C-alpha cells in the first residue's frame, strides 16, 4: 500500500511532517522518505525501514530539516520522494497506488520522447519516476496530473511539491483516500486521518475521485473537480486502514464493530468467548461480542514491544515467522473453551491454519471462525497491497480448483452465497483449516456495515467484477 | 524492572535464547545483553536499546553465536551480562531487582577486600558487578548466592553461567519470579512465562523464594530450598507483567479480567461504553465490560507500529511525548458518550489528566475512571520499576499533603477506604483529574482477584507496611 | 576530479572491480559507487566517502555482489553510477570531467523533450544524468556518446555498462585519460594505470581523444576513432595523478623526478637539505636532490595513519585543519638548516604560508621554494579539480591585482618569465609567503620534463590560452 | 604496541585529547578509547578501530565531551580505559606494554583477595584490569603503582586519572617512553612526542624508568624518582616509532638516516637507485642514498589513501593482502635497474620475498637488501608488538634450524657477525628471499646510529640476552 503526508505551513512544518508521516507506518515496510522545501532548494532523505521504523531512522535526521512545506511517504516498493528537474521547474513527488500498466507506460515514454529513467532498482522502473515523466509530457502541472488519470490503469494518487505550492491529486476512481486537515496557519494532506488529531489538525474535507487541488499557505484552490464515479477500496475499513482513521467520513473501528455485529446477528452458535485475530480482527470481534452478549476475551495476546507492525513483509518466510512469534497464547483462556474468532479476511489461510492448530493444542474445545468479509476469489489489480500473492493461492480459489479440477474457473457462482458451489467451497476451506465451524460475512452485510453505497465501493476481490469497463 | 532468560540445551540454543530474551522487551528500555558459552570461552554483546529494540540490535549479531548454554537480559540500567574472572573460575552473570543498599555494599567490598569495580557508569556502581563481588567473597558459588540473599536489601534474582552449568537464584522473598521451562533436550529459565509457548517449552515449575538451582543438560538440581516467606509483587499482575504470563501459576490476563469484574460488581454507574487505557488497562476493562454487560469499546487506539512499548523511558519529557503520541482518539466512539475507563493504577496522574481532557475535547459527556488497585501512597523500595519517581509526586500523596499541609503524614488512615480521610483524598484526585466519577478498587478485592494469600503478596505501595521487619 | 574503473571478465569480476576502484580514492572525497551486472539486472551501491574510505564502506557490501561485468567510480560531486532506463534499454553510467555548460544542456533537454531529471541534489543537476539524457537523444549508443563530445564544453569521459557490453568514451580532447588493461580472460578500463599491476593487468593501450570502444568478454572493438587534437591536462603529472600511474605512456613519478632535476639545473642556491611538501612535492624533490647532489630529507612527515588523503575536501575550514594536522615537523631536520622545498604548485598559498612560518618557528635558517610549474594565473574550466576556488584567489592573480589595482588585467605579460611584470609578481608572492627565495619552473622546462609535445598538453592555467577556438 | 595520551588543562582539554590520541594511531589497530573527567564523574567511550580509524570513530562522539582532564589510548588488545571503583576512590586507567606473567598475576589476585575481574574477553583477562587490581592492593595510589613495577614481568606503563589529578608511571626499565609536554595552562603526557608540536606543546621532559609523577593543573610533582637501570626498546627508532617522534631526546628520522649512512659506509655495491620499503625503510634509505651519493628513488609507492596504516593487523591472511595491495610498483624505476633497498628489519620475510619476486618480474636487474638491524633471533617478551608471531618463524631462526636440524639451538654464535655460522645463516636467508645480495647492519653500528649507551638499550631480539637477571 503505502501512504503519504504533506504539510504547508506559515511556520516550520518539520515536526508535524515527521509525526504525520510516521502515523502511516502501518501501511508499508520497505522505504520511508521525507523532503522539505529549504532555502537552497529541497532537502530529502530516503531510508530503508525494513528493520528499523521510520521514527527511529528519521529522528536522527530531524535537526537538519527546516522549512515550511514538506512531504513524507511510507513506501512499500519505490524509493520516494523523487526530486525532479523538468520544464515545469523542479519539484518533489510521491505516489500511492499501483500503475498496473507501468512497464507499458515506461516504454511508451522511452520510445516517444528520448527521455530516460534513472531510478531503476534491479530491472524495475520506479513508478513515481514514470508518473513524473507522464506529468512532464504536458504543458502545465495540472494537465500533467490529469494526464496521469488518463494513462494509469489501476490507481495513482500523487502529492507534489514545487518551490511555491503543494499539489494533491487523488486517483481517478478514488480507490485511495486523500484528506485535507487544517489548523491555524497550516494545511495537511494525508492518506490517513489518524495522523491529524494528535497534531491538532481538524479534518477539513476529503478530495473526491480525480480531484486535484493546490495548497499554499494562503489556502486550498481546486484545480480540477472531483469525478462522479467512485470505487474506493472496501479493504480500507475491513483490513488495512488504522482503526482511528475515517474515509468518506466513516470511521474504521466503527465499521468493524458494525461488521462484527452483523456477523453476530446472522449467527446462532453457542460459545464461551469471542476473540479477534490481532490486529484487524479485534474491532470486528468487539462488535460481535457486544451484539451477541458473549464475553470478549484475548486468548492470544500480540507481543507488540518488538513485533509492532501488522502489515506484512514481502518475504513469505519472514512473514510466517513473524506471524507465529507475534501472537502468544494464554492457556487459561483457551483450555476447555468454545471460542469464536473474528478475522478481517482469510487470504491464503496458511498462518491461520497454524493458529487454529495451536488453539486445539492448548485445549480449545471448539474453534469457530467468522471472517468479516466474503471469501476472496480474485487478486487486487488496482492497489499493490497483495502484489506478491498469486491469485491461485487464495484459500477460496484453492478450494474452487480442488472442486473444479485444473483450468480456469468461472468464479461467479462461487461468489454467490446462495449456491451449492459456495457452500462446497466454504466447507472445503473449513476442513482445510480444521475449524469447528466457518461462516463468512455476506457482501451485502459488509457493504451495509461500511455504510456507503455499493456502487461507490470496489468489491472486485469478492466478485471479480469491475463496475467500469475501462479497467 | 528488567527480565532475564537462560537456556541450557543439548543442541544449539541461540535461536531460543534470542527470541526468549526478546519476549522480555516490555520490561526495560535501556540495555539488552546476551552471552553464549562458546568453545573458546564466552561470547557476549551488550547493546543500547533506547531507540531500536533488542530484536533489531541483536538480530545482526546472531549468526556469530553458536553454543549450547547462554543467557540474555533486558536491563533498565546496568550493562549486563558481565563476564567475571574469580576464584570460582570464569562466569557470566545477570541480576534483576534492586539492591536498595548498593552503595553501602560496594563500599564494604572496597574497604574489606582491596577489590575493585571496573564497570562504573558515570559515578554509579554496576549492581551486577557488586553482586558478583558478594558472590566471590564465599568459598562456593552456592554460598555466594546465599550471601547475596543475606546482604542485599530490596530484591535480587540472579542468573549465572559457568563453563559447565547455569545457576538460578530467586530473590529472598520472591518479589520477582523465576520460572523453569522444559522441552525435549533443553531447559529454559525465565522471568516471564510468555517467553515459553512459542518456543515450545512447557512450564516445569517456578522457583520458590530464595531457592537456588543448578541447571545442566542433564537436569535441574536444587542447591538451596525455597524459604517459607513470600512477598511477590502484586504489580506483576496489575501493571507490568505481560498478559500472556503466569506467576505462581496465575495468569495475568485472567487476574486483570477478575479485577475488572470486581470493579463492576462494586459499581452502579450507567455508561455507554467501557474502555481500557492501553496497554495494561485493557484486561481490566474487558473484565468489567463482560461482568457489567456494557459494550467494550476502544475510544483510544494505540499506534503500535512505531510506539510499541508501554514501559516508559526514564526521561519525563520523552515519557509525556510518547504518552500523547501513542494514543489516537476516535471521535465517533467519544462524542456524546458516557465512558468508563479502567486503568491499572494512577501514579502521578499527569498524563491521565491530559487524556481525560482530550476525551472531553472530543465531546465525551461523562468520563468515569476505575483504577484496578487502591491509591498508591508509598514508592516501591524493593524493585526499581519506579526508581525515578518521587514518592511525593504520587497522586495520592499529593492529595494528602494538600489536605494535611506540609510535613510527614501518617498514611495509615488514608489507606483505609472506610475513612473520611480516604474519601477526601479520592475526591481531591477526582477533581484534579476532572473526572465525572472516580472509584478505586479495594485492597481486599484486588488480592482476591489475583488469587493468592494476602500474606504472600507485597502490598507496600498501598499500605506503607512491610510484613517482615528486616526490610 | 574523480576516476572510474570497469571490468569485463569471463569469471567473477567483483574483487578486481573493488580493488581497482579503490585505487582511485586519491581523486575524490565525496562519493563512491559500484555497479555489477547480475542475473536479475544491475546491483548498485553508492556511499558517502567523506569520513570513511571507499574500501571500508564497500567492503561490507562485497559479499552481496556477483557478476562478470561491473564499473566503479570515485566521485567528487555526483551520486554515481546511475541506472538508466531508455530507448537504448537499461544501462549503468558514470562520467568524469566537467561539463562547463551543464545547466544550459539540462535546460535544453527539458525544453526540447519533455524529459525530466530525477537525480537533483539540492538545486543542482546531476551531470551524469544530463549526459545520459544527451546519449538518449540519439538513435544508438555510439551516436549518443558522439553527441556528448559535440555538446559538452569542458570535458566528459564516460563509462557505460549495458546488459551485454561496456562502452568507454574518452573526452573530446583527451583531457582525462582512459586506459585499457588486459589479463587472461578479462579487460579493465581505468582512469589510473596504478590500479592495474597489483591486479595482474598489463596496460594494453590508452584510448585516444574522443575515441569510443566497446568491451566484451571477447575483446575490444573500436566504435569511433581517436581525434587528432589532444589537450591532456598537464596537472596529471604535476599534481594529482598517482606517482605509480602513467598517462600517454609517461610515468608520473619519473616526470616529477625530471621536473625536480630541471629545477636544480636552473638553480644555484646553496642549501643543506632538499625536501618536498607531501605528497606531490616529494617526487619533484627527489629529482632535485639527486641532480643537485644535496641530501634529500623529510623535515615534515605526513601523519598518514589517519590523514591518508591528499586531495582536499571541498570545505576550506576542514581543508586548512587537515593541512595543519597532517604534517608533523621534525625540529632536528629544521633547526639551523637552509632548506629548499619542492612543491607541485602554489594555488592560493594560504596553507603554504602557514607551513613556511612553522619552519621558521622551528628554527629554519633559510626556506627556499621551487614550484614544479609556473605561477597559476587562470582557473581550470575544463575539469572540476579546482571547482570551488575563485580565480582571483590564486596567489599569482592576487599579486597581479595588487600591482595593477582593480579591474580586469591582461595576464599575458605576467605569464612570460622574461618580463619585469613576471618578476614583480613572483617577488610579491615571495614576500607574502615569507620565503628566502622563490623560483618557479618555466613552462618550457615543465613541458620538456613531462615529455610530450606542447601542443598536446593543456596549459591553460598558466597562459589563459586555449589552443582550440571552440572552447 | 599501543600508546596513550593524557591532558590536564585549565581549560577544556577535549580537542587536544582527541588529536593527541589520534597521533598514536600507528601503534595499534584494534581498540581506541577516551575518557574525560566531567562534572558528574567520567565520560568514557571505547570503539573498535579495526576498519575505521580513531579519528572517524571518535569524531562523532566529540561534541558530547567537555572537561579539563582526560586520557586516550590506542590499544592493540584490551578494551581501555577502564573506570575503576576502589578503596582509592574512582579512577580511569590505561596501560601500555606487556605483562608477561598476566595469568599468574590474575590468579594470585583471585586466590588472595576474593576480588574479581569483570572485563574478560573470551577467556582472557584484561591486562589493565589486572593492573588495577595490583594497584588496589596497596594503601595509596603511589604504592600501588610501585607495586605494579615490582610484580609485572615484561613492561607496564600506566596513565591513571582520578577526580583531581593524573598519574603517570613509566615501566620499570623504561622500555616504553613517557614524555611530558607543556603549553600555557596545560600539561600533556604522551607516548609519542610527534603528538605535541601540532597542538603547540613543547617537550618538557621524559620520565625516567620507573618514575612516577602526579600532574595537576598547577604542575607536575614527582612521586617516585627514576631508577638507574634502563632498557629502552631499540625498535622504537628502527621500526615502530613515528619518524617525527623523539625518545630520550633522539629523533627517529635522524636515527634512521644515520642507520642508513652506516649501512652505506660498510657497503661497496654499485647500484642505480637506493629505495626504502615503506614506511619504516624510507628513513634508512634516505640516509644510505645521501651517504653513498646514489640517487634515492621510489620504485614502489605506497597507496596511502586507503591503506594508511603500516602497523599490521593480527590476522596473517589480512596482513599479507594488505602487504601486497598497499605497494604499487613503478616499472620505469625498476626495469633494467640495479636496486638497493633498505628495510627496517626482516621478521619472517614472507612478504618481503613476494616484494622481491615482483621486482624481478618487473625487470629488476639486481635487488640488494640492507636491513637496518642485525638478524632477529628471539621474539620479544617485554612488549607485545610481536605477540602473534612464533619465534621459530623468524627468518633468522628458520635458517638456523635448517642448518642445525631439529632441537633447541644456541643462538649466541649466530648473533656474532664474525662467525661462519652467521655467514651461513645470512646466506640461507639471501637464497630464500632470492636476493642478489644481503648485508645486515651490525649491532654496534645500529647502537651507534641510535646514539645512546648500549647498556641502556634492550637488544634482546638480536642477542637473546637480558641485561638484568630478574627478567
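In order of appearance the chains are A, B, C and D, and numbering begins at 1 in each one.
Heads up, the rule we're going with is that contacts are C-beta pairs under 8 Å (C-beta built on N, C-alpha and C of every residue); 3 or more make two chains touch, one makes a residue touch a chain.
A quick note: this is a predicted structure, and the numbers were derived from the prediction, not measured.
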Ask   = Which other chains touch chain B while also touching chain C?
value = A, D
Query = Between chain B and chain D, what is the separation of their C-alpha centroids in Å?
reply = 51
Inquiry  = Roughly how far is chain A from chain B, centre to centre by C-alpha average, rounded to an integer in Å?
reply    = 36
Inquiry  = Which pairs of chains touch each other in this structure?
reply    = A-B, A-C, B-D, C-D
Inquiry  = For a test of understanding, state which residues of chain B touch chain A in their complex under the given definition.
reply    = 19, 22-23, 25-26, 51-56, 59, 194, 197-198, 242-244, 246, 251, 253-254, 257, 279, 282-283, 286, 289-290, 293, 295-298, 301, 303-310, 324-325, 327-333, 362
Ask   = Inside the complex, what are the residues of chain B that reach chain D?
value = 40-43, 82-87, 90, 106, 110-111, 113-125, 129, 132-133, 136-137
